[in-house]
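Structure, as C-alpha cells:
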Amino acid sequence: MGILGKIALLTGGGDAPGLNGVIRAIVKTVKYRYGIEEVIGFRDGFAGLVRNNYVSLNLERVSGILHRGGTILGTSNRDNPFRFPVVVNEKVTYQDVSRQALENLRALGVEVLIAIGGDGSLSIGQEFHKLGLKVIGVPKTIDNDLWATDVTFGFDTAVTTATEALDKLHTTAESHHRIMILEVMGRYAGWIALHAGMAGGADVILIPEIPYDLRKVREKIEERRKHGKLFSIIVVAEGAVEQGGDMVVAKLVEGSTDPVRLGGVGQVVADRLGELTGLETRVTVLGHLQRGGSPSAYDRILATRFGVKAAELAAQGPWGQMVALRGSEITAVPLDEAVKQLKKVDPRGEMVAAARAVGISFGV
Amino acid sequence: MGILGKIALLTGGGDAPGLNGVIRAIVKTVKYRYGIEEVIGFRDGFAGLVRNNYVSLNLERVSGILHRGGTILGTSNRDNPFRFPVVVNEKVTYQDVSRQALENLRALGVEVLIAIGGDGSLSIGQEFHKLGLKVIGVPKTIDNDLWATDVTFGFDTAVTTATEALDKLHTTAESHHRIMILEVMGRYAGWIALHAGMAGGADVILIPEIPYDLRKVREKIEERRKHGKLFSIIVVAEGAVEQGGDMVVAKLVEGSTDPVRLGGVGQVVADRLGELTGLETRVTVLGHLQRGGSPSAYDRILATRFGVKAAELAAQGPWGQMVALRGSEITAVPLDEAVKQLKKVDPRGEMVAAARAVGISFGV
Amino acid sequence: MGILGKIALLTGGGDAPGLNGVIRAIVKTVKYRYGIEEVIGFRDGFAGLVRNNYVSLNLERVSGILHRGGTILGTSNRDNPFRFPVVVNEKVTYQDVSRQALENLRALGVEVLIAIGGDGSLSIGQEFHKLGLKVIGVPKTIDNDLWATDVTFGFDTAVTTATEALDKLHTTAESHHRIMILEVMGRYAGWIALHAGMAGGADVILIPEIPYDLRKVREKIEERRKHGKLFSIIVVAEGAVEQGGDMVVAKLVEGSTDPVRLGGVGQVVADRLGELTGLETRVTVLGHLQRGGSPSAYDRILATRFGVKAAELAAQGPWGQMVALRGSEITAVPLDEAVKQLKKVDPRGEMVAAARAVGISFGV
Amino acid sequence: MGILGKIALLTGGGDAPGLNGVIRAIVKTVKYRYGIEEVIGFRDGFAGLVRNNYVSLNLERVSGILHRGGTILGTSNRDNPFRFPVVVNEKVTYQDVSRQALENLRALGVEVLIAIGGDGSLSIGQEFHKLGLKVIGVPKTIDNDLWATDVTFGFDTAVTTATEALDKLHTTAESHHRIMILEVMGRYAGWIALHAGMAGGADVILIPEIPYDLRKVREKIEERRKHGKLFSIIVVAEGAVEQGGDMVVAKLVEGSTDPVRLGGVGQVVADRLGELTGLETRVTVLGHLQRGGSPSAYDRILATRFGVKAAELAAQGPWGQMVALRGSEITAVPLDEAVKQLKKVDPRGEMVAAARAVGISFGV
C-alpha cells in the first residue's frame, strides 16, 4: 500500500490547453492528501528523462498556472527512449536509451512516473511499465481520438477556437457572397471539424471518416443559392480525403528540384470548388491557434480531475493504468488497452445524424 | 406511426443560452427529415399558449440564430395555465385556463407540443400530457439541477462567464491583497459555483449542499497568508447557507417601514468576513450576465442534439418523454420521472473530493 | 545630461489593466537604450517607498507580463507619505514620513522616481518633486478623468468589459421584456458609462455630469414600448445623481443601529423605475470586474508607449513631467498642471450629441 | 440649407467590423434629428447602384445590428460604374455606366449619396461628386492606411483579433521551443502588424515600410536563445518585402504547367528562417478572420460617430467631404484630398522607436 519513493511526471507530444492544470492538480494532491512535498518534473517530455533534465515541482511552482495554456515543463515530439535520435558522425541514428532513462529515475529515487501524453507517449509509458516501472498515464490529444476516454482536455478549447473562427467568417462570408473554408486539425479523426461545424453553423463538414465528393458539395452550395443564401461555410479536417483519392498535403512538383508546398487540404478544396462553382473562395488555416490560449472552463475542470486521479493512482496504485472519463465518471483503464486503437467519428452515429438533420452536408 | 397534425413549441422559465439552438434544430429537423414546413412557436412561454399568441416558424425564421443568446420566442415565469394569473376587480386571482390552451391547440391543428423549460415548465407539460396531449419535454436549467439529465445547455456558458469573472478578479485581488467574493447563481444546487470555482482557481467555494462555517473560511484565508498569499478568492452560490442559519436574501430592518435590501449572500459573506479577518473585501454579483451572451460551442452542440431528438420524438413518438443526455448519449426519459427530484452536488462525490484535493475549502 | 543614479518606480491607487505593460516598457527601455540593468520597484505603492520594501526589476522579471492584468508590484490606496497612517496606542494617526522616503531613496542610490498612478499618486509625486526629487509621472485612471491626457490605459479594457456585459444583458432583456440596469464605474466622470452605453446599444445613459430625472427615463421606456420594444437597457455610472438629489450610496436606516448598505445607485434606479413603470427590473453591478483581466490590445500599446516615454524622461529629463497622449502623439506635461482638474464629459460636446443622435436618452 | 430629396448609402470594398454601426447611426440620425423616415441602401456596393438593387432602410431595419460584423447591405470589390465589367459575347469588357447610376438616383429621388468605403470607393464617390452629385464619404480601411483620418473603424477589431492570436501562439511556442510566424493583413502599410506585434509581445515585426534582412532576424533569434528564450514570435504583414527583393506571393514553377501557390510571405519567411536557423517554424495565416467578428467597443463608437457626422453633412452640407477622426475630434476633409495618398508607418516615427525600445526587431 502506498509508495516509498518519489513521483515524477512529464508532458509529451504536441501541447494542449489543460496540461498545466494536470500538473498543478498532481502536485497539489500529492501534497495535500499524501504529504509529499516535491514532484520531479522532467523537461521537454521523454527527452528530459533521457538527459536527466528536470525541475523540482512544489506548490509555489504550480501557483497561478491553471489558466495558462501550454506546459510549464515543455514538451517534445521526437524523444522515444526506445528509439532515441542520436547524432553520430553528423548522421542521425536511433538507439535504445531506455536503460539510461531507468537509471536516471533510480538515481533520483523516483518510484512512479506519470506520463501525460497522447498515443505515442502512452505507448512509451506502457513499454516502461513492462520493464517493471510503476507508470500512470494521463490522456492528452487535442483531436480527441483516444479510444479509451470519452473526452480529453484541450479538445473543448480547440473546438471553441474553431467555432469562434466560424462565427467571424460568417459575417464576412455573408457580406461578400463567398465560400469560406476553414481548415482545422484532425489528421485521422474528424472530431474537431464535426463539433466546430455543428457549433459554428457550417453548411458542409469534410472529415477523414467520410471521404467526400466535391460534386455533392457543389450541389449543397447551389441548393443554398436557390434559397437566397449566397454564401456557404465549409469546415475541413486536415485529414479529409476525396472519394477514391489520397490524403495529399504536399508533393514534389515534377520538373522542380525543390519540394513545393501545395497548401493543405483546405486550399485544395478551395481551389477546386472555385473551379467547380465559379464562386469566390477563401481559406483560413487555424494551425497552432487551436493548441494555444487559455484552456476553457471545461478543460480546466477535466484536467484537474484527471490530475487528482493520476496522483491517487500514483500514490496508491494500481499502476499501469491510464485515467479516463467515462460518462460523468473519472475512472482508470489498463495502459495497454488505452492505446490499442483510435476513436473515430462513426458515420452512422447519432452526432453525424444530428448534423445531417439540421441540414449539414458531409459531401456524400 | 407518425403524426398527422402540426407540431408546436414554446420556451418557458428563465432564459438560457442555447434555447435558439433547440428551436432551430427542431424546425430544421422536421423540415429536412419529415418534410414538415412549419412549426407553431408560442410567444412568451405558456402565456402565449393561453392567449393564442404565436408565430409560424420555418427555415427562414430560424436562420442565423444558433449563436444568439436568449430566445426568439420570448419566455415568461408566471404563466401556469393550470393556475393562471387573472386580474379581477384589480386583484390578481389564479384560474385554471388549461381548457382554453387545449382549445387553442385544437383550433390550430396542433397534435404535439414541445415544451422547452425547467422544472416548472416540464411539470406543466406533464399535466397536459395526462390530459391526453402529445407532449415532448426539453430540459432547460442554467443551474444544471435537473435530475434526469447529466447536463443541460446553458450551464457550460454560465460556468464560462463565471470563470472569466474569476480570472479577472484574480489580477485585481493580487494587486490589492484583498478578499474577492463572487456571487453566482444556484439557489438549490451549487453546480455553477463548484465548476466555476474549480476552473477559476478559487480558494473557497460555498454551496447550498454544504452549509458553511465562516470561521473555517477565515482559517483557510489565514493559512494562505502564512504562505505569502495575501489575497483570496471566494465563490458563493446564491443559495449557500451558514451552518445553523437560514438562506436570508432580504429582510425587514426593524424600525424601518420599508423593506430594505440587505444584499445577497455574497454581500453578507463579504461583510462578515471583513469583520472576522480585518481584511478588505469586495463583492461582485454576476446576476443575469450568467444567462446572457452567445452560447458556448458545447451548449450549441448539446442544444442542437436535444432539438433533433425532440423533433424525432415529436414526429414519431413515444410521447410524454423528455430528451436527456446520459454519458455521451442522447436519450429520452418519461416526463414524470424527469421532474421528480433535483440533482444536487454530492458532498461526498468525486467532484467535491477533487476540489478538496487541490486545496479548495468548502468552509467546513 | 543624463542621470548618474538609479531609477525607481511604483504603482499607486487602484489597479488598472496595463500597469504591467508600463513597468515592462520602462525596464526594457532603460536597458536597451541606456544600458541600465536594474530598476528599483517599490511594492504596494508609496507604502513600499516608506517601508523600503522593494524588488530589483530586470529583463527576466518583466518577461511575459505584458498581457497580465493587475500590477506585479502591488498597489495601495492609503499610503501618502506626507500623511501616512501610523498606529499609536491602537489608534491611527497620520504623520509626515516623507523624509524617511527620501532617505530610503538616497540610501538606495535612486536619482529618479517614476510614479504610475492617478490623481492622488501624481499629487504626491509633485510634492516630492518640489522637495528636489527628480520625478516622472505616468497617468493611470480607469475612469479616464485626468484632464491632461486624452486617454489612459485601462479605460479601453474597462469599456470593453462593460460593453460585453451589455451584449449579454441584451439577449436576456429581450427574452423577458425587462428593464436591465448595468452599474459601471465613474464616481465623478461618466466616461465609462458614455462609451460603453454607445458601444453596447444602451437606451439610457445616466452620468454624474447630467443629473437625471427618472420621469424622463420612464418616457423613453414607454416610447420604446409603443414601437414594440418591450425591453430597455440602462447604463448608470456609480456617481450619477438625480436632479435636485444627492449622490447616496449608503445611509443609516433610522431605527437601526447598524449602517445598512442600500445598494448602489444602480439598485436605487432599478427600484424606483420598477415602481414608476410597473415593469420588472434587474440590476448588475460590474464592480471590480472592470479593473481586472488581460488588458486590451489598445491598452497594451498605450501602456508601452507611456512606459518608453517615461523611461526617456527619467534618463534624460526634463523631470517634473507627466507623460500624456494628445491626439496620436505621446507628449509630456508639467506634473502640477496634470493634477489641476478633472476631465469631465461635456454635456454639450460631440460625444453626447452623437449619443443623442442615435436615440440615447440621458434622462433629461 | 438642407436637402429636399432622399439620402442613399452604400458600402464598398472589403468588409470591416463597424460598417453596420455606420449604417445604423446614419438611419437613426436622419430620423431623430431631421425627421427623415427612410434611407435608400444599395446592395453590394456600387453594383447595387448600377443595377438599381436597393432596400429601404428605417429604424426597424437597423435595430440590433450595432454589434454585428459585416454589412447588412453586402459589398463588392469589382463594381466601378466608370469602368463596369460587362459580359459581351462571353468576354468581360469594361464600360462607363455612370449615367445609368445617376439616372437610377434621379428616378428614386435621391439627392445625396453616402459612400462608405476605402480608397477605391471614395475615388468613385469623388468622380460622381465632380459630375454634380452631392456625395459624402465615410472612410473604411481595415489596414488603417487612409491618409486623411487618424483611425478608421475595423482596425481596432483586426488588431485585437491578431493580438489574441499572438497570445495563443505564445503558449504553444514556449512549450515547443519553436519559431511561430503570424501573417497578418497589410499589403502596403504595416499598421496591423506593428500594433498587434507591440500588443502581443512579438520579438520581430516585418512590414512593407521597412524591407527586412533575414540574417538580422536570425541574429535576434539567436540573441534570445543566448538569454534562455528558446522560442520567438514573428509578425509579418502580407506585403512585407525582403531587402533587394520583390513582394512575391505566387509564381509559376518552371517545368510545371499549372501555377503553384507558393504560400504567402509568412510561409516564405518560415521556410527560409527554418533553413537559416535549423529551428522548427510554424506559420499561421489569419486571413479573413481579421475582417470578421463583432466589432470592438472602440470600433462601434467610432463607427457611430462617423455615421452621425455623415448624416449631418448629408442633410446640411457641405458636400464633397469625407468624415474623419483627427485627435479626439470628428471632422471632415474634402474628398479629393482624402484619397491623395496612403498613410504609411514612419520608420523613424515614435511608434517604431517605442517598439525598438522594448526590444522588437524590424529585421534591419
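For reference, chains read A, B, C and D in written order, and residue numbers begin at 1 within each chain.
Everything below uses one rule, namely that contacts are C-beta pairs under 8 Å (C-beta built on N, C-alpha and C of every residue); 3 or more make two chains touch, one makes a residue touch a chain.
Just so it is clear, the structure is predicted and the values come from calculations on it, not from any experiment.
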For subunit B and subunit D, what is the smallest step count along a path of chains that touch one another?
2
With centres defined by CA atoms only, which chain is the most remote from subunit D?
B
Measure off the straight-line distance from the CA centroid of subunit A to the CA centroid of subunit D, and report it in whole Å.
35
CA centroids of subunit C and subunit D: separation to the nearest Å works out as 32
Sites on subunit C at which at least two other chains make contact:
167
A full list of chain pairs that touch reads A-B, A-D, B-C, C-D
Flag every residue of subunit D that touches subunit A in the complex, lowest number first.
11, 14-15, 17, 19, 44, 68-71, 74-77, 161, 164-165, 167-172, 174-177, 180, 253-256, 260-263, 267, 271, 282-289, 291-293
Please output the residues of subunit D touching subunit C within their complex, sorted ascending.
24-25, 28-29, 32-33, 59, 63-64, 66-67, 150, 156, 159-160, 162-163, 167, 195-196, 198-201, 227, 229, 294, 296-298, 300-301, 304-305, 307-309, 311, 326-330, 350-351, 353-354, 356-359
